[in-house]
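The structure under discussion is supplied below as structure tokens; questions concerning it will follow.
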Amino acid sequence: MNLPVLVINFKAYGESTGKKAIEIARYAENVSFELGVEIVVAPSFVDLVKVKENVTIPVFAQHVDSVSPGSYTGKVTIENLKEWDIDGVIINHSENQVNISHIDYVIKKAKEMNMKTLVCAINDEISSSIAYLSPDFIAIEPPELIGGNISVSTARPELIKNGVEKIKKINRNVIVLTGAGIKNGIDVKRAIELGSEGVLVASGITKAKDPYSAIKELASAMR
Amino acid sequence: MNLPVLVINFKAYGESTGKKAIEIARYAENVSFELGVEIVVAPSFVDLVKVKENVTIPVFAQHVDSVSPGSYTGKVTIENLKEWDIDGVIINHSENQVNISHIDYVIKKAKEMNMKTLVCAINDEISSSIAYLSPDFIAIEPPELIGGNISVSTARPELIKNGVEKIKKINRNVIVLTGAGIKNGIDVKRAIELGSEGVLVASGITKAKDPYSAIKELASAMR
Amino acid sequence: MNLPVLVINFKAYGESTGKKAIEIARYAENVSFELGVEIVVAPSFVDLVKVKENVTIPVFAQHVDSVSPGSYTGKVTIENLKEWDIDGVIINHSENQVNISHIDYVIKKAKEMNMKTLVCAINDEISSSIAYLSPDFIAIEPPELIGGNISVSTARPELIKNGVEKIKKINRNVIVLTGAGIKNGIDVKRAIELGSEGVLVASGITKAKDPYSAIKELASAMR
Amino acid sequence: MNLPVLVINFKAYGESTGKKAIEIARYAENVSFELGVEIVVAPSFVDLVKVKENVTIPVFAQHVDSVSPGSYTGKVTIENLKEWDIDGVIINHSENQVNISHIDYVIKKAKEMNMKTLVCAINDEISSSIAYLSPDFIAIEPPELIGGNISVSTARPELIKNGVEKIKKINRNVIVLTGAGIKNGIDVKRAIELGSEGVLVASGITKAKDPYSAIKELASAMR
């Protein structure tokens, strides 16, 4: 995967589910091709396969359960995602935290199935702790800034700087992203300058008046 | 919906996810048309939309979260299911139990959106309790018999009889199903004779050597 | 138990744990004796036994797990509460909701052990649903009013009235309490007039400048 | 704390709650004095304070919630444990796993309050991951051996050896324990030889015919 990378978490927003998930994913694909910037989209479980059918950029799930195929009602297995060529999974988002055994299981199983893992962490100690488990990506997101108007790059520059340094010291192969409150190109540029290898963004794009322009602005700041 | 009804829970079995979910759903549709028996299929979240695109029989989700569209990562809203014309949801399966506020939320919201609700209960007191919340279906399933070789109709006939009676006394409009260990036509016939208005089945079909024949046998016993 | 009853949930407030739990429980006992009003206290798991040792009024736990004695780390069984003569348990508080199987288990097991159950419900449909399971008490508490300044008696009088009526129609033996935002004698009096057989209160007492006077004011309004 | 240390998890076993919790704790105290071996007891939340009143050896909780004092029903705060001079907490036992933010919160808050933390891990990758968060103790326990008849020392010697090495490389100050299936002195001796600085044991003592002798046997193997 080319760096830096822009990961768009569609969450369960009404603005980015159903047909609108496909629409935003297509905007992301267009921008990715135009600007040569790597963009990953993460739609809801229900929208995943339709989005995957419609774009060629990587598609990640927002979560996955830590069970093997079997007698589980309402659970989603990694194997089930793989059957539709889903490229990776986000796990441990601050809105959907799981225990360490769950994270460890998902990272190992996803590696076996040749899928990517992006594990979220709410601070730099936790991100260091997760680095030992060797996910492909760690995204540091202070929950108090998620969905807000002040970006992590402005409010907590030292968190990005220290987070990246600590993680890289433990495991050079982990790609470090940051997120929370990122809304414009300046936020992105600052995050990259501080050492971030990409950003994780949600409402900044999905709730923008013009999602296409929003994606373009953030991606442009990555070149 | 015509009664009795056969509801097939695909769970997270490797035999009934991905392309195989579509295949089994098509078998169910064929049998439904041939025999004129109502059949509902419930694939995983990931497979839901593809199954819905491929069959005309009702498609239910196996679970749904109790949140409105918004900032929730990895959650599935009823609104998101409705965007793809999913027909209903199973909720409170013994493998995925939720609190009463969750059940109450889902029943009310699904009614608003013109979707069906099937709430599971592990015994007849609980099924009576749920009847007050007016779901479309209640499925009584003793968890100790789920996935086993002895059906609820054989092991616990009085549970079906009493369960149906109690529920109907509270709310005549609720359709009462039973499930757990149902594997053949005799199990189905006995359940119907005891007052059940349909059955909820999983491994009996999904793990059968020949799922088409299995569906046909169960559905035939309903005519 | 004499009606009406005042139930004080100590929650995990710093003002009502540790030695302060014993202190507030003693105030409650004093008021109960002075005014002849039934008062129940519900301290934290950790404080339960010390409170029980220090007062003769009924002591309830704020929660209990739905497991039998066995290999469970960090869980609390009903049997363990009974070993210290704890009188009852609150269950399904909106801050700690559990599934229906959990509620059903706790009610049945507590009855067996001759302990009382107080099940909370966030609205009147849910309280009706729970009535069928025959707890000793149901407390209707709209979560949006909990900890606030407007009491349920002022904001939602119809909820109390309808809730009591519906529950009694289903099960005459259930004692119906209401709670949320209750801070003074007027709130209590109004709740009783609307049919409530007692109130469930927390911050109104535990965070009062003078908890003794607060208990006295609320209890006086019950005579 | 002197090493090696024997930590006894009382779990929710009927054999080690209520008055029996005090009894077993007293046996542990006697053995600790006789043999000069450090022993920690971890009774249920409900029994904690009574055990603490009756013994002078360290008393740990089996779990704690990750909330500050406030409006939480049925939750236990670290502050509440401290009010009764509880010495430490076990967290993330395989029977009660929590997310990393929870672990991080508990370790930081307990340090502030001068309390010890013992974090469980189901394998050596996870224990390494946790080592970065600097708990006082990490206990490696493969869940498939918990409560069984073959001890971790016999079944998985390499797990102990590698686990200790990895943890110490990350954080020399963490004390490494192992557990699961430990029933006799040979199991303990072998664990210590493999590098373990103590053992975490439950049913091996609580369900022994003669808990006093069982404690004595395990503690003797530690001298």
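For clarity, chains are labelled A, B, C and D in written order, and residue numbers in each chain start from 1.
Convention: a residue touches a chain if its C-beta (ideal position, glycine included) is under 8 Å from a C-beta of that chain, and two chains touch if they have at least 3 such contacts.
None of these values were measured; they are calculated from a predicted model.
Number of steps on the shortest path from chain A to chain C, with steps defined by chain touch: 2. Once the centre of each chain is set as its mean CA position, chain A and chain D turn out to be 37 Å apart. If you average the CA atoms of chain C and of chain D, the two centres end up 34 Å from each other. If you average the CA atoms of chain B and of chain D, the two centres end up 44 Å from each other.
For chain B, no residue reaches two or more other chains under the stated contact definition. Contact topology of the protein chains: cyclic, one closed ring where each chain has exactly two touching partners.
Which chains touch which is summed up as A-B, A-D, B-C, C-D. Of all residues in chain B, only 92, 94, 97-104, 121-123, 125-126, 128-130, 132-133, 170 touch chain C in the complex they form. On the chain D side of its complex with chain C, the touching residues are 9, 11-14, 17-19, 44-50, 61-63, 65, 67, 69-77, 79-81, 83-84, 86, 90, 93, 95-96, 146-147, 202-203.
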